[in-house]
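Next, two complexes with chain A in common: one pairs it with chain B, the other with chain C.
Moving on to the complex of A and B:
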């Protein structure tokens, strides 16, 4: 397996590292957004693809990660990315632990709706407590410092974001992929897949179903919160929109678009969706309509997602090559 | 010596008395067959003993300890395992993973998030050995969904057996398989169970299977125990032959 991973991962890692030297800053920043959403999608897919739980409330953890960084700036005057990441991880872990404890007592549509409802509670709090959260105006987050202040922006924000910050995102993305890969291939990951396939039998082989679902929810929320924390300095501002349910829908959609039955599907889906959305916005004021049409066509044409369809095609090609007469 | 004893065990579904004051015992080391017509209460009795359903009355003692109100997990730890009437597997996992997961769970290793499952050689070797015993080693890398019905039944039992139980309930281990396949499946299961000194309770409708492979037979009828005895005693029991087997005794 190690050979297989290195065959695929090494060239992709090299290509991603070369991006700032090959692509213009705007494209690099766009890719940063894609990689950040990929971290959120990886976390989300631990629940959907590996545990069989569809959450319509993952905007909550993304938003908590983003607001945690914004609160550190506003109330503690801290602009260190390390502090942002630590704060985001702690805040999203706390919120997902509490929300998860409530949600995993249910499954199927009841789980989905409960997750959605809880995320909407946070959204309404962010709107109503405007003296704390900035309301609809949101909270600004300046360009952060790195390595405890050793690395700072030299004035050109675009260069900082497309170089230094891109590499930070890339490193966190790489660590996130490695950690999630380890989790889904661990005995714990196998237990989650067993719960997804057959909850009753999982219980009868000694897997404590509710507890394992809760841990999966917690890990999933932390990954999504981490993505929110990384996203906010890139965006420069967080508003209640990142806590609102359509943002949860985007996370669901990009995961399904890439293929939730594969490990790499959500990553590909996140990057692809991010490009699609950005170009649709640039093309027309009716971008939501255009994006909707494109996405409906993609889902109808690729029901198992981009990666799932590619795997099927590769399988068919391999089989036809096998049966071809010499 | 009795491994398991129930006293006045009851499970009601509204007006239906599925299990109605059952005194049931299983002796250490035996292969016991639990038989009865559809709706007699056999599966409900096993569901209550294994912890899937809560009883409405009575007690369950396993190895002289009251387990009536214990969780499924505590009963598994105590040594009670089961397979299911309808095959219950992890269909998208490979056969190896189905068994390995059970070994991981038994060893308390499923809480490990940061170790690769495939690196745990002792667990994988044990899972492969179990698959070999059940004749499924060649299918180790195949998903459970891809197996034939007879193989799925064997894997279902292998998963339960991987828990190293002291008492194993097998709910219709040959249902849905062809007549030709039944004997080989039962040969494998009973030889493994007997060689592993595991006490087994088999729920079965096929009387040839019941009378060939069991040491003792308990007959249930309308939620109660109708008869309890050796295969020869049950064969000669007129009440059983008229209510359950028809007028003619099995061959």
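Moving on to the complex of A and C:
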């Protein structure tokens, strides 16, 4: 495993750290969005890929993370990113603990619909209680301070977002990947996979299925909430759109795009989807159409996603090389 | 008294439209175990097509005529046709695959249909608001109510009755229910399951299209109406029980009345209350009020 970390993770980490020096600011910021969505997708995939529960309501936790930061600005006058992250973690943990408690009583399609219905409670509240949430106008979040002002964050916003904030996102992303890697390779993670593969057998070997699902839901929601909190200062604004269920659909989409049967799939999918979406939005007003076609083709032709398909190809190449030594 | 009558009529009006959307959703789930996320878009398609057909006739100087109402059916027929094309091409390859993929492909379809309607009919709403005026209004127990809205309520009742008769009183209904209960056994007994699936899907889409078509003269055909309607239809089928036709009817009536009450007394949290009711029903009776399993 150490070997694998060195051969794959180390070069990628170096490349990601070099990005602000190589690519123009716009590209760096675009990548930040991708990395943030990757954190959300990592969390989402703990449920879909590892526990076998498809949530069509993960917009709720992303939105809670985002609105938590916005509320801190509006009602407490706090603009520290550390406070945002702490507030976002607490808020999304609370909400996903409650919603998860309700949702894990069901599985399969009922789980999906219940998660969706609950997320829409939050969406309708954010939309209708406009004197609290700003309604469709949303809430603004200014440039945050970092380490209590030790790191210079005033001045050109573009420079801040493409340098300082990018590295912050990168660090949080790195920690998230490491933590998620530990979780899925821990006995707890193995138990979740056992539940996914055979619920009854897992129950018989002593796994407390519902409790494990609930904890998985909680962890999943916190990761997605963290992504929401990181996303707000980058975007500068949060609107009820991040709570609306088509956004949950996007999270499902990008996870399947990368491949939900692998650890790295959601990360690759999130970054790829982010490029795909911003390219499509720039190309045509009918970007939804384009994304829809991609999704349909993906489901029909490449159900194992980018990472799954690549590893199948590599497996095939390796086999043919084995059979016909050059 | 007259406000009460008005509120009851308004609730029944909502319930009628909701039933037509939810009934198709639940029928499709009941027969082929697929939750069609694009179902709301077929409702929107019904609205757009009937709005477009009526718009073609509305040249300056022509007055709307009574027979124009028949043209509203065009929307329902168009949605049914779309269903008859979509089921064999997109959904059929997925019946043996995991549920995730089925949900995802209908989500992809939702994105595609949403933008297709934007492409064809542009960003502006289509409407033919002069049409309902033709029917005038009547006074019921002291309340003045548009006759067109009463017609919508009546269509809802007829649709409910028609679907009930169709499913429980015809040979096709027997085959449909048999396929729903045990697809393999039905196939072994000689039922052409593929054909039943297309027919059920087409019927479901027809009902959604009809709902869209008859609401069009009142609220117009607008972008995003499908996504919004789908979520309300979800609330209806969750309350009533996914796959149950009686549940769709009862759920639609409950949601219709709660919405009307909500608009009067708690407008801000009206949607939240609906979702909360759905959540409570799922917790207390996981399969919904009328669900089996």
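Keep in mind that, in the parts below, the second predicted complex is superposed on the first by the 315 of 326 C-alpha atoms of A that agree within 3 Å, B and C clash if a C-alpha of one lies under 4 Å from a C-alpha of the other, contacts with A are read in each partner's own complex, and residues count from 1 in each chain.
The working rule: a contact is a pair of C-beta atoms (placed from the backbone, for glycine too) under 8 Å apart; a residue touches a chain by one contact, two chains touch by 3 or more.
None of the values given here were measured: they were computed from a predicted structure.
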Chain A as common anchor, with chain B and chain C clashing or fitting: fit
Chain B versus chain C as contact partner of A:157, first or second or both or neither: neither
Partner chain in contact with A:212 - chain B first, chain C second, else both or neither: first
From chain A, separation angle of chain B and chain C (C-alpha centres, steps of 10 degrees): 80
Which superposed partner A:249 touches (first chain B, second chain C, both, neither): second
Which of chain B and chain C A:124 touches, first, second, both or neither: second
Residues of chain A touched, compared between chain B and chain C (which is higher): C
First, second, both or neither for A:183, with chain B first and chain C second: first
First, second, both or neither for A:109, with chain B first and chain C second: second
After superposition on chain A, the shortest CA separation from chain B to chain C (Å): 15
Chain A-touching residues of chain B, taken from the complex the two chains share: 50, 52, 72-73, 76-77, 81-82, 84, 88-93, 97, 100-102, 104-106, 109-118, 120, 159-160, 162-163
In the complex with chain A, residue positions of chain C that touch it: 35, 37, 90, 93-94, 97, 99-101, 103-105, 107-116, 118-119, 227, 231, 234-235, 238, 242, 267-272, 275-276, 278-279, 282-283, 286
Contact footprint of chain B on chain A as seen in their complex: 1, 182-183, 185-191, 193-194, 196-198, 200-208, 212, 215, 219
Residue ranges of chain A in contact with chain C within the complex: 48, 54, 56, 102, 105-106, 108-110, 112-114, 116-118, 120-121, 124-125, 127-129, 245-246, 249, 252-253, 256, 260, 285-289, 291-296, 299-300, 303
